[in-house]
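Shared between the two complexes below is chain A, which pairs with chain B and chain C, respectively.
For the complex of A and B:
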């Protein structure tokens, strides 16, 4: 089904953009901007996982921060007991996947808005557990002295951190784009388009829902492991359900299931305000207003604006007719 | 007429929706390689029966058997795997896919390899005569074409029973003829059909047998040549 062409069409632009961002950070970032670049990379990974899940299931997942926290805490704890940091990404992915599988199985029969509520509850539970399992997580005080990849961020190692996280972003992009063009991806799309029709061709919706949540959670777990090995310090507040809402909103703003949109949205709504050192108050305020305006006028997010801009430019500059949109350019929410 | 073995059996199927008795003790059989038309006025319970048969609805009472197996509690996708295929009263293609992809994804869901799935999908699309629109987005082709593609999607798994819910509604005369011809060809190749259709002329033209539902009850089950004379049927239709 033209899989490789579609794979390249969705992967290459987004990956190129990431490479440019990483390169710019490598060339121009001071210590503060290096930190922003790293954290933005983490956000991109979280948003990509969310966007994949929401885009494919057509349902909201409200516990990315929980999976992120599980990946972060488990890899931190294992490292504090002697596991070498380079194993952390694998551990993060595994923990995320396992917790996603558990959540997915627990919610197999739950669909629609109910899934959003259940996953919201799960996010709250994870946060509470991190706060209250004092013996393991050290409660609200958190874990200190967690090993890191290259030691505390400084002028000498900031390039290494940037390469690791943005390299991970590109790998995640590649994996998700491959997955989307795989058999599995096609089945997810069928289910999203019409559940009744998908069942009529023999697809068991519950199975694919579990698998999708597992993928999103594995991606978030990876982000957690990467964060741990950068920060060296974990507190439960970092993984609040408020973060899940923010991740979801960023994914929606980018345009669900658009990889490029997810990257741009994370940069615009997360990276730029931090670069400009906008205070959290104004950052949330602007974010909220933008969210409301966008949902009114461009509910399919930045990717919708992008598609519109491209077709407008074509018409104006090249005189091409608007023409019939085809499968490759039309994205549905 | 029924050629021996029974493909599908419905035994005393009843369904209530919050006080509305949509079906009451409906029993019938569909033979292998038989075309059975299911007709009746609006709200008679036709779609409700099809949903019970295909597993879209499992909250009915009674029994559904498929090729000798009790499938009453078997979920829809598993019934599809057992060889039941269906189309919907409201054409339900995957709108974000091309017509060809709609069929190909069903072939993949049947567990075929990429190449085999592509080959079978091409074959099915050609069979229903939708080759010309294969690459167009499903959401953008005319309703009649959507219904044809839906049939192609349903047959790509090579089912043994096809359940169609008003496949002719919204079709032009030429398309009606084409769908009827496709049904007859597939039937000649051994596929059984249970189809709901308001176009009585078409139903009587190609079905081997007709079942009439009215207000959730079966009021007629017999040859196409007798249905016109049955008093209950005349009463139901003419009021």
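For the complex of A and C:
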């Protein structure tokens, strides 16, 4: 397969799924479901950023909620001082990218366990700063009365909100798929698979890591800006370590570096529980238990199960590929 | 002024003792199994609820509460290992991700059983004030310091002077070679989980009466434990002991300056700074590497 076909193969299925979800939400959603559809879209964006970073870089980022918070607060503050809302996404992306750049530069030489711990710490620092810089963020009470795109969500404007967020999802998907299939993405995976080999062909590992953290952060910042312009209210608790953990968990459950998997797992583990109005308590419990079980038996998540199911169905129903077992189903000796 | 400073100092020692008991488990996990366990603070939380249950519902005397909690955690941890970590040996980031799930599951399970309301653990020593010079401190807090010293001494003797301790150090240093010498790594891993359980159980039983017990209390403690472990050096027992008291004193004095809100931020900034400048920690030796 050449580059553009590979791009389409990773972009189209996930984008089509998003389009179907958005369309279903446009056609059938009442006010509550529209709200769920919007929030799920935000989750998908956050999870996509995390999934891209973890999957291609092979490192865990545990501060997506922090970048999300920075994007949200900065665009909210600027809007409260008169910036028009349609600039918010650009502001969110910029703030996220800048903070990702700072974090990436600080952690250029840190990898593996250490990077996970450092980013966890940075995420908690952001949450603490949002709480403590009371002169700017209004502390734990939060920012009230932030301008929104189309006013409070109601039957009249719910379609606009859904189009904006799911449109953003598809744009993000396209950008990440382009990056993944570009030279940059291949170099990243080379570094992930063997740092020594990648260094020996002249790749600067630190630079690629900084760039990936920046991309993931920019994506989270965009999600923050979109969320602000829907909610109109921000409190630091929204951007806690718990959210970073959930984003990581959703990305892992979907299958690291599988865009389709990321979308499906956001729908299954965030959208559906909200639709069914499951309390946060059960949602958390299901999350934890499913994550533990999945890591034991299918560490590459829903996408691994999907690949397995497809190959099984092919063999059973059509007798295809009987001689060539799928890589995902074979254990290495 | 002196009274104020010395009360801050004692307070720092007490907090440091708690950090140390929790962080020792984390550093043992890293030193021996090479895993990051982000659910350690949540096991502390479960221990605190064990103490709450034993004290409030079973009406056990306080010394029995301590023993029950320690035993409970020492039994709970190997079970969690079996269910959660056993299949992921050798994976670098797998156990870390799984421990995130474990932390969510433990929090929500405990919330399901005991509700999210804050609970108080009874202790007879909470209202006994002891006067040291001009400072009066609750006996409960003071209890922490000698108990911790005893435990650290016992851990030290165990690691340095017993056969099993030697095995633990051997696996920490060279898992493969120690296998050739007839050490079963799984046995050693079991020992580490029991040890971590005992330590965190003791911390939970002694600190729970002073804190309010809630299902989410563990997260903060996990973060504190990792600050300690980073400053002390990953997998380094001596480093963790020193770093725990440093962090305890920093926390206490920062709060004393009226900046209690900033204590966590400062400690976390310290973590990030250490990681950037000196990732091996204050004392650059791993468990088992030193003779």
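Worth a mention:
Rule of thumb we're sticking to: the second predicted complex is superposed on the first by the 320 of 333 C-alpha atoms of A that agree within 3 Å, B and C clash if a C-alpha of one lies under 4 Å from a C-alpha of the other, contacts with A are read in each partner's own complex, and residues count from 1 in each chain.
We adopt the following convention: contacts are C-beta pairs under 8 Å (C-beta built on N, C-alpha and C of every residue); 3 or more make two chains touch, one makes a residue touch a chain.
Please read these numbers as outputs of a predicted model, since none were measured by experiment.
When both complexes are overlaid on chain A, the residue A:252 reaches chain C alone and has no touch with chain B. Contact with chain C, but none with chain B, is seen for A:116 once the two complexes are overlaid on the shared chain.
Of the two partner chains, neither chain B nor chain C is touched by A:144. In the superposed model, A:189 lies in contact with chain B only, and not with chain C. Which of chain B and chain C touches more residues of chain A: that partner is C. In the overlay built on the shared chain, the residue A:313 is in contact with neither chain B nor chain C.
Once the two complexes are laid over each other on the shared chain, residue contacts for A:16 go to neither chain B nor chain C. The contact sets of chain A with chain B and with chain C never meet. In the complex of the two chains, the chain C residues touching chain A come out as 30, 36, 38, 83-84, 87-88, 91-94, 96-98, 100-109, 111-112, 219, 223, 226-227, 230, 234, 261-262, 264-265, 268-269, 271-272, 275-276, 279.
Within the complex formed with chain C, the residues of chain A that make contact are 58, 60, 106-107, 110, 112-114, 116-118, 120-122, 124-125, 128-129, 131-132, 241-242, 245, 248-249, 252, 281-282, 284-285, 287-292, 295-296, 299.
Put simply, chain B touches chain A in their complex at residues 54-56, 75-78, 80-81, 85-86, 88, 92-98, 101, 104-106, 108-110, 118, 137, 140, 153-154, 157. The residues of chain A lying in touch with chain B in their complex are 1, 183, 186-187, 189-190, 192-194, 196-205, 324-327, 330-332.
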